[in-house]
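I've put the structures underneath this note.
Look for subunit A in each of the two complexes below; its partner is subunit B in the first and subunit C in the second.
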Partner chain A sequence: SFLQGSKLEIPLWLAKGLRDSKRRIISVELPKIYKEAWRTVFTADATVVDLHKMGPYYYGFGSQLLNFDNPENPEIAQTILQTFISRFRRIMDDSQNAYNEDTSVLVARLDELERTLFQAGQKGLNDFHCWEKGQASQITASSLVQNYGKRKFPDVDG
Partner chain B sequence: LFQGDLGPFNPGLPVEVPVWLAINLKQRQKCRLIPPEWMDVGKLEEIRDQERKEDTFTPMPSPHYMELTKLLLNYASDNIPKADEIRTLVKDTWDTRVAKLRLSADSFVRQQEAHAKLDNLTLMEINTTGTFLTQALDHMYKLRTNLQPAQSSQSQDF
Partner chain C sequence: RGSSSFRSEAKSGRTDLIFLIRFRHCYLLRNQRCILAYLYDRLLRIRALRWEYGSVLPNTIQFHMSTEEVEWFNRYKKSLATYMRSVGGEEGLDLTQDIKPPKSLYIEVRCLRDYGEFEIDDGTTILLKKNSQHFLPRWKCEQLIRQGVLEHILS
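Entry: the complex of A and B
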C-alpha cells in the first residue's frame, strides 16, 4: 500500500487501469518530452530531434498519454501531429533514395513508427530496382518453403 | 485464358502483335521490331521538357511507358534509333515525375488534406511510392483523431 501523495513510476497499462474519473486515485505526470519546454523545441524544428533516444515510441506513447485528463492534452496532441508532418518529407526522401546503402545513420534518430515507415519506403524502392534489373521475371523459391528439408526418396530395392 | 487470331504474317510487311509475342519472336530472331511513334528522341525531349516545366503530371503516351521502354531497349535496341538517348530521356522524365509526386505528397500532408487527385500518373509511379504513402497517411489520420477530446468513459465500481 502506498501513502497518499507519493510519486512512483508505473507502467502505462497500469496507470490506465487505475484511471478513474470519479475517484481520483492517481494523476499522471507527463514525461518531459511532452511538456511545454520540449514542445517548443519540436515546434521550432522537429526534424533535428532524436526521437529514438527520446522515445522510442514517441507517437504511440504520446497518443496513449492523451487518455489521461491533462489540461495540456490539446497542445500535446497538436505537437505530436505537427512533428509527424514536419518529419514526413525527410523520411520519404531518405527511404526512397537510399538504394543498396547502409541506412543506419538515416534511421538512427527515428522513432519506431517512423522506422516502420522507412522500411515501407525502402521496399518500394527495392521492388522498383528489382524490376529494373529484370529480377522480377526470375522464378525463385518462395521464402515460405526455403527451409523445408529435402525429402529423401525411399530406397528402392534393386 | 483468352484467345484470338493474329496475322496474317507476310514476309516484309509490318503487322501488329501483342508485346509478349513481339519480344518472343525477336528473341528467336524471326522479326524486326518497330518502336512506337513516341519512342523517338524529339518526342521524348518534348515530354521531358513539359514535365520539368509544369506542376501537374504530363499525360504520358502510354500508361506503360516505363515497361515498354525497358522491354524494347533490352531486347530490340538494334531496332531503335538512338537507343541510349531514349533510355536517358525516359529516365529523366521518370525522375522528374517521381520528384513531383513526392512534392505533392509532402504538400498534401502539410495541409492535412482529405482528398487528392493526381491525374496522369502511371501504375509504376504509384506502386513505387504507394505503400509508404498509404501507411504514412494511416498514421497521420490516427494522430489527427487524437485532436478530438477523449470521451470520458464510465468506469466500473469493484
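Entry: the complex of A and C
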C-alpha cells in the first residue's frame, strides 16, 4: 500500500495505465531532458546532443509523455519535432556516404529511431553498390537458414 | 443483516482496491502485449521461410514450431498456392521463383555440401558432391541455392 504523496519511479506503460483524469491517482514528473533547461539546449543546437546517452528513445518516449496532461506539452512537442528536423539532414548525408566504413562514430550519439533511419540509408547504399557491381541478379542463400545451419540441434528422427 | 455491513466495509475500502485492481490490470495487459509481440514476430519469420526457403521446412525448424504454427504455415502455403494458380493463365505463376532478376537461363553453381543425386529435366542425373561445380538451368537450382546447398557463381 502506498502513501498519498509518495514519489516512485515506474515504467511508462504502468503510468499510462494508471492515468485517469477523473480520479487523480498519479501525477507524472517529466524526465530532465524534456524539461525547460534541457529544452533550451536543444533549441540552441540539437546536433551536438548525445541522444543515445540521453535516451536512447528520445523521440518515442517523448511522444508517449505527451499522453499525460502537462501544461508544457506544446513546448515539449515542438522541441522534439525541431530536434528531429535539425538532426535529420546530417544523418541522411552520413548514411548515404559511408560505404564499407566503420560507422560506429557516426551512430554513437544517435537515438534508436535515428539509428534505424541510418541503417535504412545504409541498406539503400549497399543495395545500390551491389547493383552497380552486377550482383543484383545473384541468388543468395536464405539468411534464416544460414543461421540455423550454424547451431547445433538435438537429433530428431525425421 | 450481515450483508449490509459487508457492503459498507467494501465501499470504504473501495479507493484502495481500485488502485490495486488497475495496477494488476496494467501488468496483465503488458504481459499480454509482450506475448503477442513475441508470437507475432515468430509468425512473420515462419511466413518468410515459405518465400526464402521453400514449401517444405527442414525438421530442425519444425521441431521448434508449435502445432498451431505448423498449422498456420500449412494454411498459408495453401493460400499462396491457390493465389498463384489463379494468376498468369492456365499454369499459374510461381511467384516464389526469380526473386532476383534473372540474367540468363543457365547459371554456374558450386556445391557447398554433399547432397547426392539430382535429376535435371532431360532425365540425366548429376551427382552433387561438395565443391563440385556445374552449369545448370536456373529454375532447377534456385531452391537449392536458397537452402544453402549450392552457391551461385557469377562469371
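Methods note: the second predicted complex is superposed on the first by the 142 of 158 C-alpha atoms of A that agree within 3 Å, B and C clash if a C-alpha of one lies under 4 Å from a C-alpha of the other, contacts with A are read in each partner's own complex, and residues count from 1 in each chain.
Note that in this section a residue touches a chain if its C-beta (ideal position, glycine included) is under 8 Å from a C-beta of that chain, and two chains touch if they have at least 3 such contacts.
What you see is a predicted model; the values in this text were computed from it and never measured.
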First, second, both or neither for A:93, with subunit B first and subunit C second: first
Touched partner set for A:103, first subunit B, second subunit C, both or neither: neither
Touched partner set for A:121, first subunit B, second subunit C, both or neither: first
Of subunit C and subunit B, partner touching more subunit A residues: B
Which of subunit B and subunit C A:43 touches, first, second, both or neither: neither
Partner chain in contact with A:138 - subunit B first, subunit C second, else both or neither: second
Partner chain in contact with A:13 - subunit B first, subunit C second, else both or neither: second
Touched partner set for A:146, first subunit B, second subunit C, both or neither: second
Doubly contacted subunit A residues - partners subunit C and subunit B: 134
Sites on subunit A touched by subunit B in the complex: 19-22, 59, 63, 66-67, 69, 73-74, 77-78, 80-81, 84-85, 88-89, 91-93, 95-96, 113, 116-117, 120-121, 123-125, 127-128, 132, 134
Of all residues in subunit C, those that touch subunit A in their complex: 16, 18-19, 22-23, 25-27, 29-30, 45, 48-49, 52-53, 58-61, 63, 99-103, 107, 138, 141-142, 145-148, 151-152, 154
Complex contacts: residues of subunit A adjacent to subunit C: 1-2, 13-14, 17-18, 23, 25, 134-146, 148-149, 153, 156, 158
In the complex with subunit A, residue positions of subunit B that touch it: 70, 74, 98, 102, 105-106, 109-110, 112, 124, 127-132, 135-136, 139-140, 142-144, 146-147, 149-150, 152-153, 155
